[in-house]
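Next come the structures, one after another.
One chain, chain A, links the two complexes that follow: it is found with chain B in the first and with chain C in the second.
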Partner chain A sequence: MPLDTSAYSLALLRVDGRRWNELRRIHAQIRTQAAADGSSYFEMGHTKVMCVVNGPSEPGPRRGGTAAAAPGGGQSKDAEVAVSIVVAGFSSVDRKRVGRGDKRILELQSTISSALTASLHTHLYPHSTINISLHVLSQDGSLLAALINAATLACVDAGIPMTDYVAACTAGSTSTYAANDESADPLLDLNHQEEQELPGLTVATLGDSDRVAVLVCESRVQVGRLEGMLAVGVDGCKQVREILDRVVREKGRRMLQEGTVEKGVGLDEMDMD
Partner chain B sequence: MPITIIAPKQVRHPYDAQHDIASDSSSDVDSDDSIAGGADLEGDISMKSRPSKKARTGGAPSTASKFDIVTPGEVITDDPQWMRGHGTYIAPATSSIISSVAGTVTRTNKLLSIRPLRARYTPEVGDLVVGRIVEVQAKRWRVDVGATQLASLPLSAINLPGGILRKRTETDELQIRTFFAEGDLLVAEVQQLFQDGGAVLHTRSLKYGKLRNGVFVAVSGMGGGGGVVRSRRQVWTFDAANDGGQIDVVLGVNGYVWISKHVETPEGVIDKTAGITNMEENISATMYSSQNDRIEPETMREIVRVRGVVTALVENGLRVDEDMLMRGYHEAVEMALVSNDGQDDVYLGGERGEQLAAALTGI
Partner chain C sequence: MASTQHVLLSPAELAYLHASLSLTPPIRPDGRTPTQFRPLVAETGILPGTNGSARICFADGTEAIVGVKAEVERTKLSRVGPADELEGTRLVGDVVEGLAGAGGTENITEKEEIATNGADWVELSVEIPGYRDDDAGTAFLSAMLAEALLADGEFARKLYINRRFHWKLYLDILLISPPLSYPLPLLSLTTHLALLSTRLPRLKSEGDEDPFFDDDWAAAPYLYPRRKGDSGKATSKPPVSLLVMAVGNSIIFDPSKEELAVADVALAVSIGEALSSSSTSLGKKATTEDAMNLDDGEGRSLRLLSVRTIDPPSRLTPPGVPNATNSAYGAATATQKQPEARTAELEAVEGVWKAPRGGAKPLVMAALVQKVLEKGGVADEVLDALDAVDLV
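For the complex of A and B:
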């Protein structure tokens, strides 16, 4: 089904009615699972992802004689970040079975693991493992971005120290590679249909800064268009970070009101003595 | 007939109330720009340099109110007079202290640290903990205490049968599983900490040792966010209502709770027997037994009720300590009396749990 890209130049509206720099509706929750150390639920349009974090904890003795301990865990000085992704069979339109050894899933796992390892202060937890388990409930484009955001939120909920939020989103371009249109507009936050047809990239940044933590581009695009796409993507990441931060603050404020956590001290009170 | 399109109303989330609508309005501004000319690169650059309308707390330390929490990446202070504690880091080549967890600011003199909203238990020397054996090694056990690392319990740090102050022998090493095996629960004290945060436990007191005759509940412990708090008394015995006999409660600081039928204490044994040597023999017979004593149904029912109170307290975000638990227990007994099933009604989940929490907080 070709995407009717000719319509964009007329109304400057995308297939789902958004403008070029609009994010889809983002809804996020933290502490959704009481039994886990940290958990989150993240929606980006119709892409819906659930995340559970367990740890940091030291793995017990390995049963079944799998002596090949995972690198990073065991006796290493830093915590290992183990990511596992489960894609539900009902998550996309065609009911495809995705095996555990699927190469795409493995790549997503290692991308998320390395991005979070760089932000989390893993040196504080020697010989331990942080288990991040992600469940994809519904897919509509920007899957990697949604997974990264959900994992970040769950790690914040688990109270694992980190340098800053890793917030991610996608960016694309309004015309295909074949059209070779140098003046094509960049697009923010691609949905599934746009992701199929148009060149796109996933970018994640560290907090408010412009430091890029993840940059994945799997499609062909003229290098001249890349700069615009990246700039739009980085800006989108900042918007996403604000949304994530608001979710965490709201949860924290509610916990303060309920008296679950003790109130902190203001810095101005500190100045008194 | 012309169709009037009514502009959609702004859905205001409750958490927007205190925050300004800066983020909403700014995205509107951007989209207005785009109507004029689509995406030109200049527009992108202006977006990048768009001033953040939300005032950063770090820029003006005086705005950090005591009701606020800090989130990862937030600058707490630029002032070099403060020292950084847990939950913070210093950005390279600057002197500003930045939060690394979401939580509230605490300080000890000039030390700034962040108490996270929730985190795993961090052991401290002297903590009373309840743990479960996960691994048996040659001269020590590895114990899960809910911390980031397994704690270790050396063979030399337990009371060996046949005399408290007996030296450990090779025979003891060979029969290490007769004391504690995998899956056993025990109550112990943190004796020392390793540099990396790992804990070493000991059970060299008659108060500590293997647990039986009861039920285990895991709730969140010290480290943030409700659960068990460090308090004056972590272990106590009380007389249960409805002929339940006596019940022991052990609140591990790590959030592991043990509720069991009270069995005769060693002090009680001393009164009955002649000398201290007899006492040791009596104790050693039962100290490492995994066999439960007979527990009356009434006692079981009351144990379950206490367990229900613990979980209800946690679900409703209240702290778990002796005072709260005992008040909650008496409240639960009262609630059971007025319910249809009478005293057999031990259910304290859902609405009943909320009712209990409301009665305790006095709202």
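For the complex of A and C:
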């Protein structure tokens, strides 16, 4: 179904009624599952993902299957970040079964793994593995961004030391590459429809800074538009970071109130609002 | 896979666990009674993009999500008589025929069509993190769940649209957490809830036309229709598979991983709720089931759908060495090169762990199945509990 972008210039509203710089509704939860070391649930519009982190753990007795077959971790000085993504068959509109060996999935896995390896203090856990398993329950664009955000939250929940949040977001442009429109506006947070038609990129930044941790662009776009898209994307990442931070603080405060965790020494000075 | 995964318990620990579970009443490590399930949190209708979905979280932290998606598919017109088909599909055919009652012959051949194709109309896949999807254990799990679903008999009939088209149902079962215990009960209960919450668009076209549906989702009927008035509970239910195990003389439901490691026998028992009209026609099919059919006036009548033995990991556990043959306790060592291999052949010594050998005794199996189907027993309790979940 082609996306009608001609209406955009009339009211400056996108197909789902957002303005160019508006994010979709973001809802996030951490510590959703008791059995895992860390877990999170992240919703960005209709894109819904779940993340479960196990580890860092040293390789124990072989449990069979592919998890144990992964090399590394064993000898290296740094912890290895093993990411596995399961895309549920019911996640997209038409049921599609995506195998684990799918090239796109492998690329997403390695992107997330390298982004988090850079942010997590992996040197503190030699010879061990951090297993991050991500489940895609529903997809409506910005999949990589949602996966990165969920993985960040779950790592925070698992208590793995990290330099800062890795917050991700997508950005696009209002007209197609072929239209070659000079006055195209950048867009923030693409949904599935927009992602199919318009050029877009995924950007992740490290915390409050402008330091880009991930930049993935899989579509053709005029180089002149790239700067605007990137600026909008980085700005969106900062908004996402605020949301992630709020979720973590909220959960932390509730855990203190419930007495799940003892109030530490350092926490007194921390600004918990 | 999960059923055979190794538990890090020493022979002494296994012997202790076995002994405490064989007591009457058994003492379970987590303090549950023998028929008590782990507490669980359940919700349905969590994914608006699916026809039906559910999520269940057990108290031990294992969590599963099931999504059901339906597609319209053209029915393959095969003129194969049901006589050449497998046992399972023939049973479906007979039940459907029985339900059709005294319908015309043409009607019956049409129903046979459903019966012969029924198995292809459902596709079930299980995803367990860390395991390949073609792993033997995963395949066994999905086969077991699909078998229970189809053995129900009337399931394929629900997917019938007209002679040319039918619904194809895709059930995707996701285990979110690592498999801490054998996940069969969790996956089965979640599938049950997801199917209960499944709705298919209302058919507007008639007869054998190309199907045309009402686009009002609010008008979409449930796959398992609701009784009017009576708090909207479903009239029939999808099957539930329960895991039961026997240790000594105790029968234990919903065993944890550690308990499964000392099981003498482990069974996956699938039960369904019999329709009052069809229970008689099914009863004559399998004589053994006749006795199991418990018709209790106002309550539900449970029906045994399938029984599978699960290979318990206890068979792979190392045996303990009795003091009499242990060289550390001064036993003669000269003749014994492999004490473990020899003690395995010896008779059981009180308090020394020995992996169970051989098959299950028929009496034990019968007792297990009887216990599951008992009126007011665990199956009733589980179905009642699942009834209480709000369907969105």
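Operating definition for what follows: the second predicted complex is superposed on the first by the 251 of 273 C-alpha atoms of A that agree within 3 Å, B and C clash if a C-alpha of one lies under 4 Å from a C-alpha of the other, contacts with A are read in each partner's own complex, and residues count from 1 in each chain.
Everything that follows uses one rule, which is that contacts are C-beta pairs under 8 Å (C-beta built on N, C-alpha and C of every residue); 3 or more make two chains touch, one makes a residue touch a chain.
Keep in mind that this is a model prediction, so the values were computed, not measured.
Of the two partner chains, chain B is the only one touched by A:157; chain C is not.
In the superposition on chain A, A:192 makes contact with neither chain B nor chain C. Looking at the shared chain after the overlay, A:246 reaches chain B, while chain C stays out of its contact range. Look at A:165: by the touch rule set out above, it reaches chain B but stays clear of chain C.
If you count the residues of chain A touched by chain B and by chain C, you find the higher number for B. Applying the stated contact rule after C-alpha superposition, one finds that A:95 touches chain C and leaves chain B untouched.
Shared-chain residue A:84: touches chain C; no touch with chain B.
Applying the stated touch rule to the two superposed structures, the overlap between the chain B and chain C interfaces on chain A comprises residues 34, 61.
On the side of chain A, the complex with chain B involves touching residues 12, 19-23, 31, 34, 37-38, 55-58, 60-61, 121, 124-128, 156-165, 185-186, 206-208, 210, 227-228, 231-232, 234-235, 239, 242-243, 245-253, 255-256, 258-270. Residues of chain B that touch chain A in their complex: 14-15, 18-19, 23, 27, 30-31, 34-35, 38-39, 41, 44-45, 47-48, 52, 54, 61-62, 64-73, 76-77, 87, 89, 98, 100-107, 115-120, 134-135, 142, 144, 147-150, 196-197, 223-226, 315, 317-318.
Within the complex formed with chain A, the chain C residues making contact are 1, 5-6, 8, 47-50, 53, 57, 59-63, 65, 67-69, 71, 125, 127, 129-133, 135, 170, 172, 174, 176-178, 180.
Only residues 33-36, 46, 48, 50, 52, 54, 61, 63-67, 84, 86, 88-95, 97, 99-100, 131, 133, 135, 137-138 of chain A touch chain C when the two sit together in their complex.
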